[in-house]
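Take a look at this one; I'll ask things after.
Letters A, B, C, D and E mark the chains as written, and numbering starts fresh at 1 in each.
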Amino acid sequence: MKPIDLSLFGAKGAIVEAAEGKWGMAIDQDLCTGCQACVVACAMENNVPFVGEIDAGYGRSMHWIRIERFWEGEYPEIRMTPYRPMLCQQCGNAPCEPVCPAYATVHSQSERINLQVYNRCVGTRYCANNCPYQVRSFNWRDYTDERVNDAIATLKNQYNPDVTVRRRGVMEKCTFCIQRIHRAQDRAKAEGREVQDGEFAPACAQACPADAIVFGRIDDLRSRVSRLIRQKHGVHYLEELGTQPRVTYLVGGAS
Amino acid sequence: MISSVVKWLSEPLGRVALLIVGLTVISGAAWGINVLQTTPEQPIEFPHVRHVSMGIPCLYCHPGATRGPSAGLPSPMKCWGCHQQMEITKTSPLLPPLVAAIENGTPLRWVPVAQVPDFVQFNHRPHLAAGLNCEDCHGNVAQMTIYQNPQVMNMGWCLNCHRERSAGNPELEKKLLDCGTCHY
Amino acid sequence: MTTSAQTSLLAVFSDIEPAADAIEQLRLLGIGDDCMNVISGIPVTEAMLGRPRQWTNVPRLALGGAVIGFGAGLFLAFVAPNLYPIVVGGRPYASFPPAVIILFELTMLVMLLATFLGVFLDSFFPNYRPMHYVPEISDGKIAILIECPPADESRMITTLRKLGAESVQFAEAQHL
Amino acid sequence: MSNTISRRDFLKLAGLGAATSAVLTGCGPAAKYVTRQPYFDMPEYTYHGESTYYATTCRECAAGCGLIVRTFQGRAIKVEGNPAHPVNRGKTCARGQATLQGLYNPDRIPGPIRQGRAGALSRQVMTWDEALDILAKLFQNTPADQMAFLLGPAPDHLYDLVVELAAHLGGPAPIRFGALSLFEGRTTLIQAAQELFGQAALPFFDLASADLVFSFGANFLETWISPVSYTRGLSTMRKGRDGRRGILVQFEARMSQTASVADEWIPIRLGSEGLVIAALARLVAEVQGRPADSFQEVTPDEAATAADIPPEMLYHLADRLATAARPLVLVGGSALAHRNGLQVAKAALALNALLGNVGREGGVFLSPPAPDGAPHSRLASVQEMAAFVQRLASGTVKTLFIHGVNPLFELPASLGLAEALKNVETIVSFATFPDETALQADYIFPDHHGLESFGYQRVMAGAKEAALSGLQPVVSPFHDTRATVDLLLAALAQAGRPLPYSDEFAFIQSKIRPLMTLAGGSFTAPEEHTFMALFQQHGGWWTLNDMRQQPSSPRGRIAVAMAAPEDGEFYLLPFVSPVLGEAGANKPWLQETPDPTTTVMWNTWVEINPKTAKKLGIKNDEVVRLIGPAGAIEVPVYVYPAIRPDTLAVPFGQGHTAYGRFAAGRGANPINLLLPILNEAGDLAFADVKVRLEKTGRKYSLSRLESRIGVYGEGLEEAH
Amino acid sequence: MTEKHEHTAERHLRKKHLMLDPLPRGQMNAMVMESMHATSWKFWVVFAVLAAITAWGLFYSWGVLMLDGLGMAGVNRPSYWGIFLVNTVFWIGISHAGTFISAILRVFKAEFRRPFTRAAELMTTFGLIQAGFSILMHMGRVWLAYWLLPYPNQRQLWPNVHSPLTWDLLAITTYLLASTMYLFLPLIPDLAMARDRSTGWRKTFYKILALGFRGTEGEWTHLRTAMNIFAFAIIPVMFSVHTIVSWDFAMATRPGWSSTVFGPYFVIGALHSGMGAVVVVLAIVRATMKHMDYFIRTEHFEAIGKLMLIISMGWGYFFFNDYIVQWYGGDVWTKQLLHWHEAGPLGWMWFAMLIFNVLIPWLVLWNRTWRSNPWIMLTVGLLINVGMWLERYIIIPISLTINRMPFTWRMYEPGIEIPLGIGTLAFFILLYLIASRLIPLVPVWEVQEGQMAHSLKKVGRETVVTVAELE
């Protein structure tokens, strides 16, 4: 007799979906110089607003990617841990998703990444609480409204039309530059081919001067990223929570 | 006090007053909805019907649809390409704004009608590539003067079509019903 | 139950005992239980007055509500997620553990709503038409409302007075 | 806002209209509706809803990285690296990414202004015709030798034109200056190369192929010379050759961003760099069994004591250096900012020579020459600037033209520039932003932003190839600005002394033309128009082969000693903010980008070792007064665990009194603490300073990205 | 001698127990009516002050919050939830007292409940209203809150059944509706009583609300049946509500939150604060309203005191249960969190919580004389509420400081939450004030019913209280 698992009633493709990835990223912490180019590139690409000194100092900066570093020891035996760019890990099994009452953060079944649907968000902030990586940022104020922030009146000219500008009360996070994924796929489809490895990259990987961020298909074993993440020194942070992160960190250098 | 008001409302005069208030509210709402639905005023009361009947294809003036997200509204120079050779340009009462635009080098400020909100990342190209025709969404423009949306362009409308077209194809279903296809 | 030819009498008693006695006597006088009604300021059970059990639909309505609520819960927990299947956190579209919660809450919600409405339905609430009533009832008195043929009126009144009624009056339907 | 249509057809872009904000959609102000003003005529190569990409060159610093700018309906949307460009190969730094916030900065100067040296930006707008009249009169009425041009490190085509202009009028050559070069020790390095190898060129350190790099004071991952290029080099080195990962050892008194990435950070005392290099050289020579004449006077033990490191460490380091396959010694920045900085630079180059890596893969080269054969223009040292200030102060300069530099902010106040400017009759600024210097001008005739400009920039260092990086406007000018080259040419013509160029484009074309005949370039074209078009399309022209120059064998004597600043409590180490650079403070996103090592945003801080802080009873966020030889600043404390206890470090980049709403009144400028003490090459000895520290009793909460409680490992107490 | 002794004993019993000290129903009615009518200028002063505080603290500040965004509050990364949620849990906790008293005690026929069931039920409804306000304030885009309701819409989207917040919404809605209905049903006879004794607008008001209730046999039967169903059904609903509230935390993958004991721990905590609040309300009502010292007597405080003691012990038990499991587990983040609770900058809250919730109740409530004193009980009740508020504060913003990304750890400093929190409190009291003038706070018919059922009986030499089971 077939065993019955009530908790997986109607599971169908969902479980498989979680295990398989499509897009992934490898971040080589040994190469990262902490230069913040990815941080600014991301902000420029994704219309991420700036929040000003006071809010930024109070944990309200909206960076979708932040570079973490820790200290070990005391002077003179002080050591800074390698820079760790922390961004949405696009978990296969994302803790942020099920807790949203409005389906505002869901798993894309076609791109296998973690989506944030801004217009559906009602701002309960449960997802951000439940994100073990703390990579979600919330629009605490109307930072993108020129009535609130008059500098926006001219700065808005650089807004990326492919990315929705968020208003107050909306959660947001790294999207793996899904607009670029769509653009590349659309172009490839129009030309009747598959998207090539390295044909496009999210803004962070594109800018990274140290080439520490590599992006691509992790379900394609020949892609550069999947070759990198199969290396021995690749780790997934907080993997023990069962999140199945799609970002692999390469720790400790190549040799 | 309250009871006397309630009592007054049950008298004939009170009922008439109720009726008047009710009618005002309903007609106000109807007017509001009407205002939201009516076509905005365009710089030129553009007769789509005339142009389509001459056999001009949609893509002649809105060529962006095959290339990318936006179909585009024609610039005055595009209009002028044909109109400068036409006698009607001088005689038609509709066309002085075009002539003025050409003479002054100013653009014509067409008001976009078929719009989706900012948080919807709509792209014309894949829709055309999937074999849709303009009139499938924009209605029978050949019968219109100024363009009007044939239906409310809301999410349910998009979804219904996406559902129909992807039915039975799991891969397509995944793509077409994915939130991330339109919202990011 | 009553015909227009009958008159209504409202006998007010100060306590349960005389009221119960009166009901017994009235029954002997040939007034059927369905021609009497007891109005009281506190819940006096039928057994105390020796009256037949009252019929109430409230439990059935509650059950009906529970079934409807359970159905709504089933819809919300199992059908709705499959109407627009969305994957969240690698979970099935619909699964039992959360369904238990939804089923419970919706069952309870609709059941209690139905119970509440049941009181309204069974008691014909709200009802602002004139009714037979004296305000003393809410001071703890017990009133017996008797429908009897006009012919028996005077006999009734004396009997009731004898049985300890504080007052017996022709009940005029009045605005409460 | 401007609706002026640019000259060239293919740049006929739409003017920018007002925004239509979305009503209650929740996600408005709608990005895609920012411009709803339609085209009059659709430009060629532009389609509705599709982006157009233009190649140009970054002007945030002088490194000359190639950019590709995505534009959308006449607006610049995103800056991306040019993948073909030899300097950055498709990569960009944070400052390059934020260029757009300069382009669309709310505080740009909107048009020609009669500034009249007002403290704030004057509202007396004028027309360009009036501006032209004023310029023409100045050219007519000012004797050529009483005219002076002060230019910034970029762009080069303007510099070339002004050189021609000065020669044409018969005046002195223009002078160029930039704060970055001051902090890089560029002049010192060039001078050292000149003295040691006989060639006045910037040394090129081939990081990519080295396997052991000792770096002294050079913050090459931050702002030093060509950071993107050096970061690429480090990345290549780290990825390793034949599976062997290169090692970086950084010698610095403070753990800079570069040091934090290094495999080892050796906190040597400020001023001891020369001794350490010399001791290493002597030890290396001993290991290799070769004579090390120049370094005989140095004893390793003394050097170790001076540097405050254990002698064994020095021996061990020398051992590693001597046995490494491709060792490299890099020097720059604070290591050269001592009175004996030139000797330090020479010692380091000589040590490289001793290691046998001069002119070898993974070693030291001299930078490639400019492809057009023009000499690289050297930026003025502080010594030359001091002389220039003297000239201004003496009143012999009647008219001063300033472009692309903000000396009132970038030079130490003790140099007396502010006073000197009062003796100049007329100051004309071509500033794009209302910076401190521009506000002291009589007229501001704003130049286009870099992304709106034509031009070129010679790549001085950062690429093996000789490269001329091209600039072209990616959008039509956002404000009523005018290209300075155009303006100068027009003014000269009006003054009756025309140069033989009709406009800026013609001038650039005349400069590009010689490249057509060169072989081995990234592209060729048979005729000029195509060549120019390709030049713009490619974002410049560069050779395909390695054009680095082989240094000749070193000669000359080197004498290093401990640099000894005058009395004071603490060594002061000013460093350029890695994120802001010298001119990033007006870009809100750079302000909000955390400093890599401290994660501080939006402000200036002073770094203090925890032990020192404890001893002084100072806590984080306490505002202290630093009293230097030339002045004092008040800054909040950041207790920094990786700095020498005898050293304080303050970032340079903030402390503007003008420069727009995001910069003005924010933080403090450490350069004003310094006296103009120079090294032998004329560079500022900014690390040869000691300061006193006073408490003010005030607090100012620094904005940090990091947690104040979570980044020090176990234990939750507020750090130290 | 013995006779006299008996007499004293009986008098003593009668004096102490409301149920043994009956008054004619008419007199009780008059007393209750008078308590509603007797409105001094002091009432209006308090009313005006509270109305002003509500208008400023709740509605004006909320408007500011909605317009300017949640940046006005103290929430940040990582404390995405702040005092709004603290207040939500707090008010839901308070609301548990009403159901506990009127449902559980009704089911178990605890006779001392009779005079103050209404007062407690009002707390439930009004507390839930404040909880609802608090959670709505917490939302970033409150104007879209209706998206969380399951209704068919053109977007073809339904709420996410996997989200504890959806469960929460359902549970709180159920509880709010159920407790309001449960408040209303036993109120109908009292409204009819008030209708019979009022004139003017009050007459109209009561007439509408009393729905035409007369007290016929049928009406009573339907009412009693419904009340019985409610009494039994609302108990699991009540437990589910606070359990689900606890799941908002327990379902999260956060150190310190992911705990299986959170459900009962929250329920008992809710009862703890609820009983504390009931005592506070009773003491104030008794002291400020006319004739209430007849209905609310020291016996009631004494009885509630006993309950509070037991609940306090239960809370201590569950707290320790939660604590030791977390402590023993040895998870590095949880360890840091516990350390942060006790030794962090807000460690005093942790100790204050234990003192207020456990130490003080245990020290005071064992003593019959003390717990019979309304003022002592008022103090203890207030302290317990402070303690329970601190408990929620520790669980939410303080625990949120510590997560698995130490780079983001940051303290939370409340902003506009404070006026808004004060506003909800003021609104709660304001609603209570209004209710106390409009609604008979004592269910007279229930009291009369109880008095009928009670009598004295001599067992041997002792006079004891007997209760007849009337139903």
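As a convention for this text, contacts are C-beta pairs under 8 Å (C-beta built on N, C-alpha and C of every residue); 3 or more make two chains touch, one makes a residue touch a chain.
Owing to the predicted nature of the structure, the values given are computational and were not obtained by experimental measurement.
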item	value
Intersection of contact partners for chain B and chain C	A, E
Central subunit by CA centre of mass proxy	A
Of A-B and C-E, pair with higher C-beta contact tally	C-E
Most distant chain from chain C by Cα centroid	D
Distance-maximising chain from chain E - centres being C-alpha averages	D
Whole-Å separation of chain centres (CA-atom averages), chain A against chain E	43
Distance from chain D to chain B - Cα centre to Cα centre, in angstrom	52
Centroid distance [mean C-alpha coordinates] between chain D and chain A, Å	32
Centre-of-Cα separation between chain C and chain A, whole angstrom	62
Junction residues of chain E, two or more chains touched	141, 144, 156-157, 160, 162, 166, 405-408, 410
Numbers and ranges of chain C residues touching at least 2 other chains	84, 86, 88-89, 91, 94-95
Touching two or more other chains - residue numbers and ranges from chain A	58, 66, 68-70, 95, 98, 100, 103, 106, 109, 118-120, 163-165, 169-170
Chain E-facing residues of chain C, complex	37-46, 48, 51, 54, 56-59, 62, 76-77, 80-81, 83-84, 86, 88-89, 91, 94-95, 98-99, 101-102, 104-106, 108-109, 111-113, 115-116, 118-120, 122-129, 131-133, 135, 137-140, 145, 176
Residues on chain A engaged by chain D in the complex (per definition of touch)	30-37, 39-41, 43-45, 47, 50-54, 56-58, 61, 63, 66-72, 74-76, 78, 80, 83, 118-119, 144-146, 150-161, 163-167, 169-170, 203, 206-212, 253-255
Chain C-touching residues of chain A, taken from the complex the two chains share	6-15, 17-19, 92-98, 100, 103, 105-107, 109, 244
Parts of chain D lying in touch with chain B, wherever the complex brings them together	14, 22, 25-28, 30-33, 36-42, 47-50
List of chain A residues in touch with chain E within their complex	55, 58-60, 66, 68-70, 86, 95, 98-103, 120-126, 128-130, 132-134, 137-142, 148, 168-171, 238, 241
